[in-house]
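So, here come the structures, one by one.
Below, subunit A partners subunit B and then partners subunit C, in two separate complexes.
== the complex of A and B ==
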């Protein structure tokens, strides 16, 4: 028995020694991340879930790359040139890059990726619609491709840095099939896939052949934990090193701050909140009434009281990080007297009803909405809150034009381009715009899409923001921070605004 | 006996068909899964949605979808998850053992606690020990299980750091979820063991055993407990079904990778195939256990067979 024990101990020692000898000096330690959702597939064409991106950004690369500073830099393409009035983009590809399975990265892989996205496989998924401008990819030589577009898409270069545009290995997919690829992803990123257990977690390890900065940890493990209190308990117990958004509610921040071993790290996110108006029916059809309601609510006070400093006030439906943000645009001040005047001018009788539709499971916004309702009460409107289950509100109420006078809209495109917000919120006939139709707005929105000069585009996007504020299309509220829970053993962590979290710079004690 | 068996099996089959029909219909009331999948997309067109619906197969008439699902049950083909396309049977294959193991562990906790306590209460009937156990079980019965779960996590995972707060990872990870589930059952089971022991203790063969001069513990454990075991086992068997139904909350709090978690996620994602498969499997388990109990009764008591 003792002999047996000794033998096991010796073997363990030998194994440990062997492992230490083979592990490269730069990559040591395991980082465990709690992520709120299992996307079910790791194939880039299959999903829109941000929690796909928080894992997959470590596995795959795009032609372009955008890190925490939100600047667009070369990825698998070393340079690019926009030609033919934005209808063709020529990419020079990085040489000497290999996929995790040893397959070389080259022009064929790029062509394969986009043929697949726009072809039969892509048709089954939601990602394709985001890249609708791409007509085809033409191979010029082994390391040069031309991307031909059916119409200019000024945001396309940013979109190539994430999601559906991640470059996938053609030979690997042909040999193993689509189903296998869903559960066994292979890319060119800093971490390679080890194992995936549906609903439980996914494990990655450092990829020694990565073309960029080598990972500083050897293992990267994700556990899917949807319940916030459970994720925070795991962080407190030291079994999870990092809890990524959207998990931690604002109310839980003090619990983390009280614990000396863990901390809260935040950064501005793309997500903005507004109460949008029903501009087609009811009292909010009148612009003066909409303005009155904005004057009547002290948004700054609500943000300070309810959001504990984890949000900043917005003036248009975008945050500071957004391309198209206009720093000179001033908010309507809190002025209840002016609000009452405007209401009287518009002939609104005191006690008129205002229904506010919100997502029932969003406890923070629930508080915000209640505060808004009390302010509206003060200026003589009878505001009631009607919560809906999130999916019902997003799919069956807003797009169908069945809301009350005001409805919650939380929006945040990872591309951080105001086009991605404004077009869908304000253009006639869009899914998220069930009420408004304004030819001037439509024209502005359409005009910027055809322009490749980004400075000119930014000017038009700012004009759109100003025009929307002028017409008071929504009551702008706030830009929420992305909230991360972090163990003190994690070093060199930079929070990202958009969940596209690449962890090759991070190390652990 | 054959006639009785056939009747019971036909009844069970009818229940399962009815459940699948209701479930298949009800999940489709939760909304359009194509909208759900493309929620992050700004520029989704009706054409895109139609394409996704076709790929998911939700554009077919309800009866066609239902027939596909129902016939699939016989070949264990529940289709593919709408979220990522994993075959549903693989998801069930991972989750079912996790749920069953947790359910068995909870039953074990409950039985291991309730039998000694129940016997103690029975033998000290009316005395302080009986009253004390009665109050304790009443308190146990009135705990909401999610609250108990959170308190256990605070104490054993965060303050003492003895047990992992969540996940299924070795023996230690079973303790808190099994205790949370088990304690609720224990409360009722203690009462049941007590009553059933009291009845047995009044039978003549116990008097005979005592008259023979056997020690009190032999009388209790060898004669009384064995005789009241039959109704108790039946009851515990039925309880197992109820346990499976109540597992969702506990699985969520402990992030247990079982059927409850699977169902919870599937509701949120409008993942019809997963949701209908989980409910079908759960109802088959419950109906199956009931059927076994029925048959066991029939074997033991001829009066039931001929009813």
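== the complex of A and C ==
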């Protein structure tokens, strides 16, 4: 009995001691995030998955920074100057910044980062092509660099805020090797890496030496949960505090809203959905038929009913946040009679086949596609849906031009610049454009890439959007919100449009 | 005394099994046969205004509506068409191929036996889902492809079963005497061997029809099956998955339909096995 008491007292003492030793002055608490995907490598040059960025934005910094408000602000560079007609950008670097391993951040780190991205290591990954305009980085002094470009790139400063342009520690990589770096990332961001278990999760903790606002939580854990119902169940059970997109299907929103302990937080996102047309074969070769199909589908009703108001109608293949969005562009109204007229005029016999190819695993879009098909049946087309495994659709069926009359395309350019969408969708020979070749479109697309005058560029991008709508290259559907599931114990959370989630402002009860 | 009572109870239970099996299977077959008359619009008509109507609240939609406002009852009945079609056609195909292969390799032995059986071994070593995903990734989904896939993956079972029976029958007197008086091989195979081994094949068929309905549902559930526009039980289950907590009826009713059909077929199969088994307790 006495012995028992002694042990308890000792344990209490030990516990108190332990708590005193580990109690930091500021940050407290753990935030657990559910992310749908494990990117496999944390190296910035290796990835193009948005869910890489939802973790890595907390670990790394870029020269520029773009937060939830989508305004470009200084990051590791305090200021910059565009020189030589856009062919040279001079960056003044932030002083006194250290990487998580203690290594100093300076001009050499910047040069190393971009030499690596544009060199052999970068060649192995998908990021390099996004930064093709960069020729080299010249060190002027310890805290000044010049970035030389082969041609002006109007979107480059935005691109420097994320993905491949994240600044990495030269000495750390040289000492530990590339493979080690993939699984043990080090950057200058507000959280530093603790441990990573492939397919299970990654753990981070607050970095005391962060140059910006200190994190309000001590630990940040991510769990990779791909199944939406599992993620939501974990959120309801309190084992997860935040579920990030793309996870929660529209159909589950009421389930979350009914639970008093959790909530749904949404914001406009760059993700747009369209059913694009096969403009080379079949009845959709005829522009009138394509327009008839757009007239024949009540997109507004679909958005209101199936998407529960979590999406907005689009007219071109971009959302409101996109640079190049034209507010004056009007959607074709829902008009089944006009649709039938146009079909008759184009000589399409009733019962003509329209095959729609979609991704097999996207339950929300599956419903949308079924609704679209039903509308097409009303105007006398025989619509069928053929689902494909996502990888097969993206890497074989679409690029090889083996789709039916229509195919699903979802796109979310994080740079929020229409060039990032339009060039890949409409330029001759691009992977996502297996069918169309239009010299006028090519010329427009190329012309805006060579100039840095943003007002002029916006005008051309709007013209491209109008021209694409005019030719009815796709049936524009909707711009989906970014949907987060959030526990009420999380405070001060701002939803981000583009999955580049930085959690140093967030605190937990 | 007790043995007789037990046996009587067993028989009564067997009868009940038969009646239930016939009622369930027959009822569903009838509903499916007349589905076009019962629901002329095929359950395809969407009505976005009436989406997710709860069951038993609206006489027009007794079992409620799905997320696109389509009648769940109509879709469950129409969905039976796909399920039964897949179940019956795939089993029929597998039986034809499997029985021929089994007869040939069991009767002639030698080279063809070796080829067919090694091929069967390889096939049995492949997990079904792996085969299914690979097959569908290459040729795509759809009703026909799914039936072909099921035939390809199941003929082996019949071939093995038939070959085993042939091996034990081919040395029996009646076969030997048939051979001795010069009956042609084709006659021996079809007239003498086939009728003697068809019992277990029929039993396996009923069980496999049920099994294949479940496989069709799983594949469609995974998004690898038939066109989502065509109502099918697996597809409806998948559609209803995200609504399970606030609109259970979208997936529960097709689930119930699968349950009852498979139960009915299994009961029938069970009864058939006992009736056809010459050494069984229920032999008359």
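The rule is short, and it goes like this: the second predicted complex is superposed on the first by the 484 of 509 C-alpha atoms of A that agree within 3 Å, B and C clash if a C-alpha of one lies under 4 Å from a C-alpha of the other, contacts with A are read in each partner's own complex, and residues count from 1 in each chain.
In the analysis below, contacts are C-beta pairs under 8 Å (C-beta built on N, C-alpha and C of every residue); 3 or more make two chains touch, one makes a residue touch a chain.
The structure displayed is predicted, hence computed values, not measured ones.
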Request  = Using the superposition on subunit A, decide if subunit B and subunit C clash or fit.
outcome  = fit
Request  = Answer with first, second, both or neither: which of subunit B and subunit C does A:39 touch in the superposed model?
outcome  = first
Ask   = When the two structures are overlaid on chain A, which partner does A:423 contact: first (subunit B), second (subunit C), both, or neither?
value = first
Message = Quick check for you: in the superposed arrangement, does A:229 touch first (subunit B), second (subunit C), both or neither?
response = both
Inquiry  = Looking at A:363 after the superposition, I want to know if it touches subunit B, subunit C, both of them or none. Which is it: first, second, both, neither?
reply    = second
Request  = Could you say whether A:392 touches subunit B, subunit C, both of them, or neither, answering first, second, both or neither?
outcome  = both
Query = Just subunit B (first), just subunit C (second), both, or neither: which does A:206 touch?
reply = neither
Ask   = Of subunit B and subunit C, which one touches more residues of subunit A?
value = B
Ask   = Now for A:56: first (subunit B), second (subunit C), both, or neither, which partner does it touch?
value = neither
Task = Look at A:238 in the shared chain and tell me whether it touches subunit B only, subunit C only, both, or neither; answer first, second, both or neither.
result = first
Request  = Once the two complexes are aligned on their shared chain, state how close subunit B comes to subunit C by Cα atoms, in whole Å.
outcome  = 7
Request  = Check subunit A for residues that touch subunit B in one structure and subunit C in the other, and list them.
outcome  = 229, 392
Inquiry  = Going by the contact rule set out above, which residues of subunit A touch subunit B in the complex?
reply    = 37-41, 43, 46-50, 123-130, 132, 179, 182-183, 197-200, 223-227, 229-230, 233-234, 236-239, 391-392, 394-396, 399, 413, 420-421, 423-424, 431-432
Key: Residues of subunit A touching subunit C in the complex   = 228-229, 249-252, 254-255, 258, 301-302, 304-306, 359-361, 363-364, 366-367, 369-371, 373-374, 377, 383-389, 392
Ask   = Inside the complex, what are the residues of subunit C that reach subunit A?
value = 44-46, 48-49, 51, 67-69, 133, 136-137, 140-142, 222-224, 227-229, 238-239, 241-246
Inquiry  = With touch defined as at the start, can you tell me which subunit B residues reach subunit A in the complex?
reply    = 30-32, 35-45, 48, 51-52, 55, 81, 83-86, 90-91, 94-95, 150, 153-154, 157-158, 161, 164-168, 252-255, 257, 261-262, 264-265, 268, 270
